[in-house]
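Chains: A, B, C and D, in written order; residue numbering restarts at 1 for each.
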């Protein structure tokens, strides 16, 4: 079911990048949570071009609450959030039906939806659809905050660089190229016991929503792919008592054992590919004549999608965890 | 919804490792597919202790078809497959309620299900539950085979070794230790156009089921985590015409663009942690007195779960792809 | 999952009667169906106050297609339809928090959502939410029309009257009262073989969505409640050959045997209670002081909701049948 | 999703009437509920041929708990219940592929599953599949009982008779015929506030599962179909204060307003058609030669399925209410 996600806390995206707006319907949020327009501003700003360092432009990516919040509080009913598209690109995407862009969904959309497929702004595949995910995440984080659970993502690597990442991004831009990035996300304060065995393990539910974010090529928890080279005696996280609480000495598990949270910080990393739209002339095919062709993509593009994806990963994780938390409460109490 | 997975092709696991049997109910398989007891033997053998090289023991892991196959053909109704547990361990798991095993779900099961949680054989968290997944995968692969789609997984790395992997496993065993492993899975013959945007992207649906397999710490598609260090000009797969067909020169995408298959081989890799049960004495806690404790796990254990997980990854992928394929047909035709 | 319904053809309602708009997101509609603004006009007019006989007021209940239709054709992606609320009532609903209206959801909404529940226009319980169902039904009927399947509902009884029903309605209105009604719905052209055993029988899926329509107290198929008084020898529909086709002589089954369509017209009836809002002073309670109170409901109200519910029943049935049809195709072909 | 039902409390049926067993997997039951073999006996006995008055035969319809109950208590994991088929009929159902039985699913099964459809014992359409529903209902009723909620169904009419119903049934039997029946079900103790608007109204969720029971032709709540002939002034249930509690003077609503429980007894009725298998020779068609044919059904059959359906309706309602109750708790508290 393409555009919806979740069981008790559920989101359904709507809109498109070339339409007047994008948005999300959030179902299952309990009544009485305080929500204001201000609450969305910070996360939406982190996702905007330029990210956190950029000057906040008041007029753009403002989240309008259509229903579900009255007198500053959630009503317990569906919440509908909408974000206007102020920068609707009038560009002609028709050439991409003939000569599909490498790394984009032009070719697969044509295969799925036929020759009349709408490729403008990437359609539903567009990164623009991550804006309502960020908005939904604000609601999800409020549910979690009531339980003192926090979720925070950050960019930890760009190309081969783990320190001067902005410079690496600028370098890619100046070369008319793009570069990949690694995002790490940590949720703290989760009680032990969240997650459903077997198919709704914490990892299953989280990876499902995170792999929906455009550009993600890998997801790993705790030790992640490094575990392949490890011995059991190294990898096992020994249980210890600390301050009267059960913890683990290390956190190779990433906070999940048997699909269920163990009370340690939940930790995962997400690999983002380099932006597919680059300034360089690229090889593609002329689909009509089935022969080689060249393609040059115009316009400005983020040289590193991972940078703007940080709040998206965080929001997606918050939505998944709010859902698992609400599912778990019936058992926990 | 813990133990079930899928939309049109759906599986629900049942049983437990310490019960008389484990099994799976498969819903949504079309009528008329030929299925025999023999069909299950090869994949079940690959999952058994020792794996493909071991002497096939006729008596064990035989898949019984309870309903849904009549006269050697699927009836179009639910198929129920059961596998007897011949090796029901009578071992006492009660000690793990007091001193939980590092890396296992003992502690999280206690937190989720309370002090009467059943930890025997790992309960529902047990690797034994992967046997019915392999059985369901046999049915899924038959659906795919009709469309000339194949799915094949293999072990490609153990510890730091990519060649003499069995030796590496034997070495870990001889040291009373265990070692991680990397499994690669490839699906060939998938038409372009399979997968649903946004939240039911091919990667979302596949990672969901693969992360359900015990011991998985990471999943990556195509270039995977390597994409972080790549430039867009390297990572973009140029479209080319080959033999009158549209292909891509490289396959960093792993066969998926915008969440939808592009007709290239679907390729993903799965990182398995080293087996948590090791012969070494480990640090844990005494949950009753909240103090440090030592634990020694008895019995024989696979030193590398990745080895036996190969057919499980393959089966899980087949189930996910059969489901996406059945969903896509309504649009494709 | 409150506001969404369906598996392959899925609808999710949004908006509220007192908000600027109501609408529906339709997922799973195949690409290439022709849809124009004109297509919605007839059904929307049937649902408006006054119904089919009323002067069509161009300006009201116009269905706007936000996404999912390009160049007059469905794109295969989500379709979003919105209908402006031109008659947003500014009336104060706060009194109903103190003295709930009999027959309305005021009291239950307070119990479910707490003292800050939003009762304006009945909130999500409002009959206004049936407008987007009618709009979604137009899309569903187009899918069915491609297969020469038609769905048509009509009012067959008001009070005790089966002929001069409008007079009966006017009579109730003139008395400051309201009256119940019976709606019959027939789907013709459905092939035999649609419907899923066991829990997704045609009757299960249809009754589910029909009982969501405000005011429905009963749903019956074919012989319906009359079957209680019948003998098997009367009730069984004998199979006959007519024009080279298998039919049944009678249709007590209502077109469904064992939860699956038998190729005869699918026939069901829906009982609608009399409108709860009446001009008479009614007994209620003062919830604050827990004592008896009197309530007089102001404003104009339809004296017979069944009249306007006719296209809603038809649309709901069309949505359910389109979903079952898409699910069945995978098996039928 | 044919054989499964529910969101948080979920059941999946397995087995077939001609197979060694039938059963159900129950997911979502909280840990710690006491369950014994004895608990199932009464309800299973009510469903057996002869019903409550019959001599309890110890050996038949015994419910075996395969997993999910340990030491007499639910574990919080999946519960698997199985019931052996001691009376597997060896009868030849092949003739029904040529000459389908009126009122049965022979013809529709052939249309759905093709010429190799398995019609034995009605296959999945069989009344035998209601045995595991009764077993699942025992678990559901335990969840409800903890909250002092009871569910009870009874037979209230057979043919035109509301008093000497057994005689009416015997009369039909002696005539080689069958007769319809009406079952009424009441749930008491439900708090106000259960049920989800819009599509998961109490009536929607209940009618969905009740219409899955073989032979049901109608479902009505409260006033039911009588509401058609009523005025609003008669139908509206006035709120009153009784013993310090808010109640309604009448219960035409059947305990549900706006899809949500109002605290009054939940009340609905279910119409069951007369048994389709009757001793009389019936008209059918020869499907091969497309011409008229006669059919005589051998064997003994219940002359009134409504009688044995009483505990099935009760169990189905309990499953639906347990699910809605678990969903509602997240909001209520």
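In this section, a contact is a pair of C-beta atoms (placed from the backbone, for glycine too) under 8 Å apart; a residue touches a chain by one contact, two chains touch by 3 or more.
Quantities reported herein were computed from a predicted structural model and do not represent experimental measurements.
K.L.:
Counting C-beta pairs in contact, which comes out ahead: B-D or B-C?
P.N.:
B-D
K.L.:
If we define chain centres by averaging CA atoms, which chain lands farthest from chain D? Would you check?
P.N.:
Looking at centroid distances, A is the chain farthest away.
K.L.:
Express in whole angstrom the distance between the two chain centres, defined as the mean CA positions of chain B and chain D.
P.N.:
37
K.L.:
Using CA atom averages as chain centres, what separation in Å is found between chain C and chain D?
P.N.:
25
K.L.:
Measure off the straight-line distance from the CA centroid of chain B to the CA centroid of chain C, and report it in whole Å.
P.N.:
Distance between chain centres: 44 Å.
K.L.:
For chain B, jot down the residues that touch at least 2 other chains.
P.N.:
If we look for residues of chain B contacting two or more partner chains, we find 1-4, 7, 31, 76-77, 112-113, 123-124, 197, 331.
K.L.:
Residues of chain C touching chain A in their complex?
P.N.:
1-4, 7, 10, 12, 14-16, 19-21, 25, 27-28, 31-32, 66-67, 70-71, 73, 75-78, 80, 112-114, 116-118, 123-124
K.L.:
Which residues of chain C touch chain B once you look at their complex with the stated criterion?
P.N.:
Within the complex, chain C touches chain B at residues 7-8, 28, 30-31, 76-77, 197, 326-327, 329-331.
K.L.:
Given the complex with chain A, which residues does chain B contribute to the contact?
P.N.:
1-5, 7, 13, 100, 102-105, 107-109, 111-113, 122-125, 129, 157-160, 172, 175, 177-182, 191-193, 195-201, 203-205, 207-209, 211-212, 214, 216-225, 227-241, 244, 246, 248-249, 252-254, 256-263, 271-278, 280, 282-285, 287, 290-292, 306, 328, 331-332
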